[in-house]
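In this document, chain identifiers A, B, C and D correspond to the written order of the chains, with residue numbering beginning at 1 in each.
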Amino acid sequence: MRLGLKEACGVIGIHDKDGNVAENIFYGLMALQHRGQESAGIALTTGNGSILLRKNMGLVSEALSLTELSMLKSRFGIGHVRYSTVGSLSLTDAQPFNLDSTALAYNGTIVNYVELKERLRRSGVYFTSTSDAELLLNILLREVREEGDYFDALSELSKYVEGAYSAVCLTGDEKILIFRDPLGFKPLCFGETERSFMGASESVAIDMLGGKLVSDVKPGEAILVSDSGVERKCFAKSKRKSYCMFEFVYFSRPDSIIEGRSVYDVRLKLGMNLAKTYGCGDADVIVPVPDTSRPAAEGMARVTGLPVAEGLIKNRYIYRTFIMPKQNLRENAVKVKLNPLRSVLKDKKIILIDDSIVRGTTIKNIVQMVRRAGAKEVHVRITCPPIVSPCFYGIDIATHGELIASKKSVEEICKSIGADSLGYQTIEKLVDAIGIEKENLCLACLTGEYPTPKAQKLADMMKVKPYHVKGRYVEFCF
Amino acid sequence: MRLGLKEACGVIGIHDKDGNVAENIFYGLMALQHRGQESAGIALTTGNGSILLRKNMGLVSEALSLTELSMLKSRFGIGHVRYSTVGSLSLTDAQPFNLDSTALAYNGTIVNYVELKERLRRSGVYFTSTSDAELLLNILLREVREEGDYFDALSELSKYVEGAYSAVCLTGDEKILIFRDPLGFKPLCFGETERSFMGASESVAIDMLGGKLVSDVKPGEAILVSDSGVERKCFAKSKRKSYCMFEFVYFSRPDSIIEGRSVYDVRLKLGMNLAKTYGCGDADVIVPVPDTSRPAAEGMARVTGLPVAEGLIKNRYIYRTFIMPKQNLRENAVKVKLNPLRSVLKDKKIILIDDSIVRGTTIKNIVQMVRRAGAKEVHVRITCPPIVSPCFYGIDIATHGELIASKKSVEEICKSIGADSLGYQTIEKLVDAIGIEKENLCLACLTGEYPTPKAQKLADMMKVKPYHVKGRYVEFCF
Amino acid sequence: MRLGLKEACGVIGIHDKDGNVAENIFYGLMALQHRGQESAGIALTTGNGSILLRKNMGLVSEALSLTELSMLKSRFGIGHVRYSTVGSLSLTDAQPFNLDSTALAYNGTIVNYVELKERLRRSGVYFTSTSDAELLLNILLREVREEGDYFDALSELSKYVEGAYSAVCLTGDEKILIFRDPLGFKPLCFGETERSFMGASESVAIDMLGGKLVSDVKPGEAILVSDSGVERKCFAKSKRKSYCMFEFVYFSRPDSIIEGRSVYDVRLKLGMNLAKTYGCGDADVIVPVPDTSRPAAEGMARVTGLPVAEGLIKNRYIYRTFIMPKQNLRENAVKVKLNPLRSVLKDKKIILIDDSIVRGTTIKNIVQMVRRAGAKEVHVRITCPPIVSPCFYGIDIATHGELIASKKSVEEICKSIGADSLGYQTIEKLVDAIGIEKENLCLACLTGEYPTPKAQKLADMMKVKPYHVKGRYVEFCF
Amino acid sequence: MRLGLKEACGVIGIHDKDGNVAENIFYGLMALQHRGQESAGIALTTGNGSILLRKNMGLVSEALSLTELSMLKSRFGIGHVRYSTVGSLSLTDAQPFNLDSTALAYNGTIVNYVELKERLRRSGVYFTSTSDAELLLNILLREVREEGDYFDALSELSKYVEGAYSAVCLTGDEKILIFRDPLGFKPLCFGETERSFMGASESVAIDMLGGKLVSDVKPGEAILVSDSGVERKCFAKSKRKSYCMFEFVYFSRPDSIIEGRSVYDVRLKLGMNLAKTYGCGDADVIVPVPDTSRPAAEGMARVTGLPVAEGLIKNRYIYRTFIMPKQNLRENAVKVKLNPLRSVLKDKKIILIDDSIVRGTTIKNIVQMVRRAGAKEVHVRITCPPIVSPCFYGIDIATHGELIASKKSVEEICKSIGADSLGYQTIEKLVDAIGIEKENLCLACLTGEYPTPKAQKLADMMKVKPYHVKGRYVEFCF
């Protein structure tokens, strides 16, 4: 369970011959809601060259009016859900971002954001936000003008924009461009129904709309959808891929299919592999921290034969980072979200399974909660290996100093969180569970080895001089 | 999983010596949110004899302002969450209801509502709503005036008010009266912290506030909390109890303790008992319909050794009866709420476990969904025995005609929902799992035998002449 | 200009054969908006015996959704706008009030409210609000049940309900009852279009709907409108009338016709009469305090030949008692609402004309403002005679002690507000301007002589022992 | 009276040493609310180099939270109110506009907007809106970078940006730049209190804040306010000025002082001059169309000795272009806003005085309304001369073809609007009333002679080929 972790965004783009794009994007975004609860937005073509834009703070059902959308007829549109930042009430960074009758919705992070922004600034292009989407859209428009073609533009752009970008772009003249960076960090897939085509962050959005998953959008691939049909092209080649392992471990919905793998199956196997690594000693019961770790608990049960029990109950109605006005309560966010089930925990030796440890505070509170409910022993198992390095590709895992695993040994962490034992997944077993060759995964946050050069340089510098300036960790460098 | 079932309400009443009642009620209601998502309300003493009332449509976090509440100092207060009715946008029936500087929040149903209301009407008392709370509060005030004492008033009242009432009552002169009908249909418990006392529908609200569960409020018991202390008295005796079995099966949160039983443990045992009754044949996997049936699936796994898998993923962000403007989509509410996990279901023989069947439509859609995802066989197991009779004590299970089990045999139902086999819990195994003697449970909806005479008469009449007038099934009788 | 004076309410009731009642009530309420800006409400028949109710805080355009209303088809309905109370955010007292499939919207005050309420309370009728409407509706329903006929019921009711009541009542079985107390304190008129009938507080609502003013509802008259037609009857006779003089002076819109008199013409004549009484000395210019006093300024100009100038400009966008969070600004409400026009006021001898003085604070601030803008002399003229006694018929003019004219002579008031001279209207000239015989006007607040016995008794008691308890000045007596 | 005319915007910028900028901007915007009711916005320095932005649809009191603002401490800030466009619900064009930690609020129009935008576009600068503010801010930032100094930057900018711009600009490093184009089309003034400096569209905002009007910002002048003090410089010289005459006639509040003239006095004189030109024949009464024409009616009365009467009453509560869902009512917006006072109009010969005629529809409806109320004769007098040419400097007076006076003679217009006589102000008498030499006023909409070359060219082209593309009339040219 993550409290306050900034999650990935979710994007969707649809061309529907029958004009029901607005409503379908609404439903598609509801399927992607887990990827971002801060704001939601939609951009639609109007048929006369311009674009209608709606974006607002809140969940999809709060930010957008389904009643309004269901009355709009549009054949091309894109949508976006954005991750949650405590206390931010600003719309400035909400997406889709629009410029020049073009709108962009985007998931990822541009590593050399500051450098590229400064370069544009020097040429007289100024920015209204700190959003990567604004920068990427500026660059894209610039390249399209120079190259005269979307694929060539992306090809050019990919030469100097380093980072993760899984994006959908809508043009006023009724085209949708779906594209993914050459290393393919963040997921993006392509689907269809009889009368429509769609790109989306995860296949669950396609499921929701009754569509069929055609394929992932390949790393370095772009898909142009218009009335003339669907054009797919590779705009950039790369020897390796860098699929974000954390999408399998934590971000994506278990019912999504990413790179041909069922996320559920991966998580099941993560649990099985943990069991194979550590056994189960004389534990009585496996308790998952809901909701992400439930499949892993199942997997562990299959190997060990131990029962699974819902020893921690999650309040279904506190989904966003619920803002509590008084400090004493804010510190107790874990208590508000989780309730221990005494009858399950009391006098038991517990294997507590969670997806990851970042700072160590949340798991510490949970272990405490489980103990107070009477558990005799608490053995923590983490489906993800230790996180030791920051992420520059779309997950807000900040500086080395804040990552408990970059400073402490497993034994020290175990002690600090108050567990009886602590077992992390090994990198090998993680790779095995995902089922993709190691060299095609991004494991930078686990290994400190980054798949792109500027990120590596950045990480190396941060190790020496840890900075985190104005929300952009990269602000100080280049 | 229930779609559109009208659930029970949730109530809470708090006396806090430090004046933090408003904020605590807010958090307590969040813990009870699963009992009602239509409206939320709060009533507080102001210290000068009057009562401050706030109630609004929506979830607790939408209907009440935590910012406002955290600024209010009050030492006595009550709160209420109300169940969901599609399309109703009316505040008229929202609770707490107030009359004469007294406020009432209430869970249950008065069986002889129409009769009692008409009797009062004839004496010149008119009603602004169709809420049982308004009627009950009127009667209570009347008896208090006559008897001069809360306990005597309740004793008198209990002689002619038939039905379920688990209630908290707040008076302008700073008292809280917590009381429960003599048969104790709906749950109500009493807890404390160092500086406060509280009554609540379920113990999870006490957990949320860091309190200790002292005991259930006993059937026929009232607790008067004031600055003079806590006074507990039995106002009415009854040979038997009638604890609603559906609270264990479906309504309550799994982490609640009701009548000393862990709801989670009951559900675990429900699953174990189903396994004992039906075995598991050559099934491959157990799939619960989330979230209620998960513990039962665990229980079944413990007996059969079969693996559990999350073959149906619930969209966490559609919690209320989400209103969809277009009919074609409204029919597909199941599709919006659940997504099948193909990798789990494909080519498998599934044991699908759900909590209950009312009309049979929802389970039919789910079976279909599971089949389309590739399941080879679908064996449905229901933790609750067949529901054959309406409920007059707080659950909107309408007329006999609408209850599929009152018209069809198990074989016919199995065929009609498209399952390969269908196994209901037996009443004996249900009773065994709950662990309370059969005669102290209300099993009326399973047996057609009602613990109170007017309800029995009503049910018998409805069998002959099924009516459902203006939202009050009892309107036509007496 | 009044700051924070609680104004009268506005009511409307419509029967429209074409079913456009909801929308028409919305527009009618907009025409009556000046009579109340705190809350607005509407009640409509549904055609099946029940009543649909909507009420909310705010202006008509904020509290009610015209979009929703314009989609509702209803043939009978009533509406209400309620006056403004600073800081009150409660819906409890909003109207229409409903009981027993009947709804009431009401303007006025019941003098013996506490006595009647207590009498009902003793018989077991409890109240959810402190609204006169709830009491009146209870009494009306009770009498209708006893008498079996609306007119007889009102006849009976009028024998013991003392006070002002201009009301519209809607029944679920599709009738509208429009009635006015025997002395006719507050205005109420009756109009029609080709396909509809309507009762309303002021004729401007009838104008807005393109209707024709048929007549005032006579004091003691009731009009029953149903599909069978229009039935008008006198339910109570009275030797005298008691038309509220303040409706002519301040409350009503200038374009309304009340008791056959144009309110504008009355105000014009009020100004003319002031000029006749006091002349204009060597003043340079007449400056009205906007908006009410503008016609009086015109009238004064016609007699004296002096020019009128808009020396005080009102901010059109601060119409409600705008809530200012910081105290220093709250005290300056006059400054936020009015801006002096230096070029008009500088070095001039000003006749400043306003409608009335209650506590004397507002006019004092205005005089100061005018002086600071450079006026050489400020001669205040008030179109209403000195207010020396409280009102018990619908205007919140509180205790004697708060009324500056009950404690001080005109000379003392003049000094206290900082004016060079002060001239009040005489009672004779007021009566002359209104054009109704003195004995048919309620002048109680000017003379201390009340047209009803309990009000007289109450005023006499308050003189000795001024009380103002819990918002009901009458709470302590009887 | 104008229905649906797009009015000018209002701006304000404040430096307050005590940090109360946010609250003061709120109050200042309330004083400027008449200049724009569509949206309101505010930008504040945070003290750490960045800017906090809030903007929303609606009136100031709806769009901004005074509660929130009064808790924010900031020493530099700017605010904006934007004019009303029916049906537009888009925030895209709301101001302040921000780029690169700089925010701009702006009143005016850039004549060569399309040309300049296209030029920037060609250099890779793309736009998110069609707002002149975005273009102007881009150009300003570009020039500041090149010139290194605000005054030089404005000097450069003024050489090629043609049009009206009265603006306030806020920088993250705590400066406010207040500037006005060299011809000074739209008003802008500068004021101070003991602890603060402020620039605002009209002096009433300074009045509201208890400040002193120091002077107008001169055409071609810029004022830089920072902690170092106030620096005033002329950045561009011009032989003539072009003060918009319509600010005096219609836009500004009567209590504003513009270029040293009281707007009220100008309007008074406009009425006097009309009276001198046309006399009053045997008319009985002067009736102003509220609210703008009231001072002119006063002026006319002073000359003719005729009485003024409020023959048309304006509904104070319909201030925005109130959106009516049904067409038949929308056509009747005049009826909803105005009510004729029969007792004033009946059997009278009326001089009806209004500020201007654009398309002729509104005045036609008013004349009709006055006649139906019984007027014997209706003589229309217009304080503004005939409008024959479009405005390219900030008022949405569209194409020649839509201007009734560009197509018809006064006699024809008189007939078309149904008046008995029609008298426009002459240009000479308008100039005389304003009291500024003709060559320093912008009279382009009256004469067709534009003070800037591109506007002249544009007007000449539009005469031949009237276009109005996508909301920017200038889109087709250059």
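Note that in this section contacts are C-beta pairs under 8 Å (C-beta built on N, C-alpha and C of every residue); 3 or more make two chains touch, one makes a residue touch a chain.
Note that the structure is a prediction, hence the values are computed from the model and not measured.
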Which chains contact both subunit A and subunit B?
-> none
Whole-Å distance, C-alpha centre of subunit B to that of subunit C, is 48
Which whole number of Å gives the spacing of the CA centres of subunit B and subunit D?
-> 60
Shared interface positions of subunit D, touching two or more other chains = none
Let me know each pair of chains that touch one another.
-> A-B, A-D, B-C, C-D
Quick one: in the complex, what on subunit C touches subunit B?
-> 50, 53, 90-92, 97-100, 102, 120-121, 123-128, 137-138, 141-142, 145, 470
Subunit D residues within the subunit C interface of the complex = 23, 27, 30-31, 33-34, 59-61, 66-67, 70, 204, 207-208, 210, 253-255, 257, 262, 264-265, 268, 291, 294-295, 298, 301-302, 305, 307-310, 313, 315-319, 322-326, 329, 335-336, 339-344
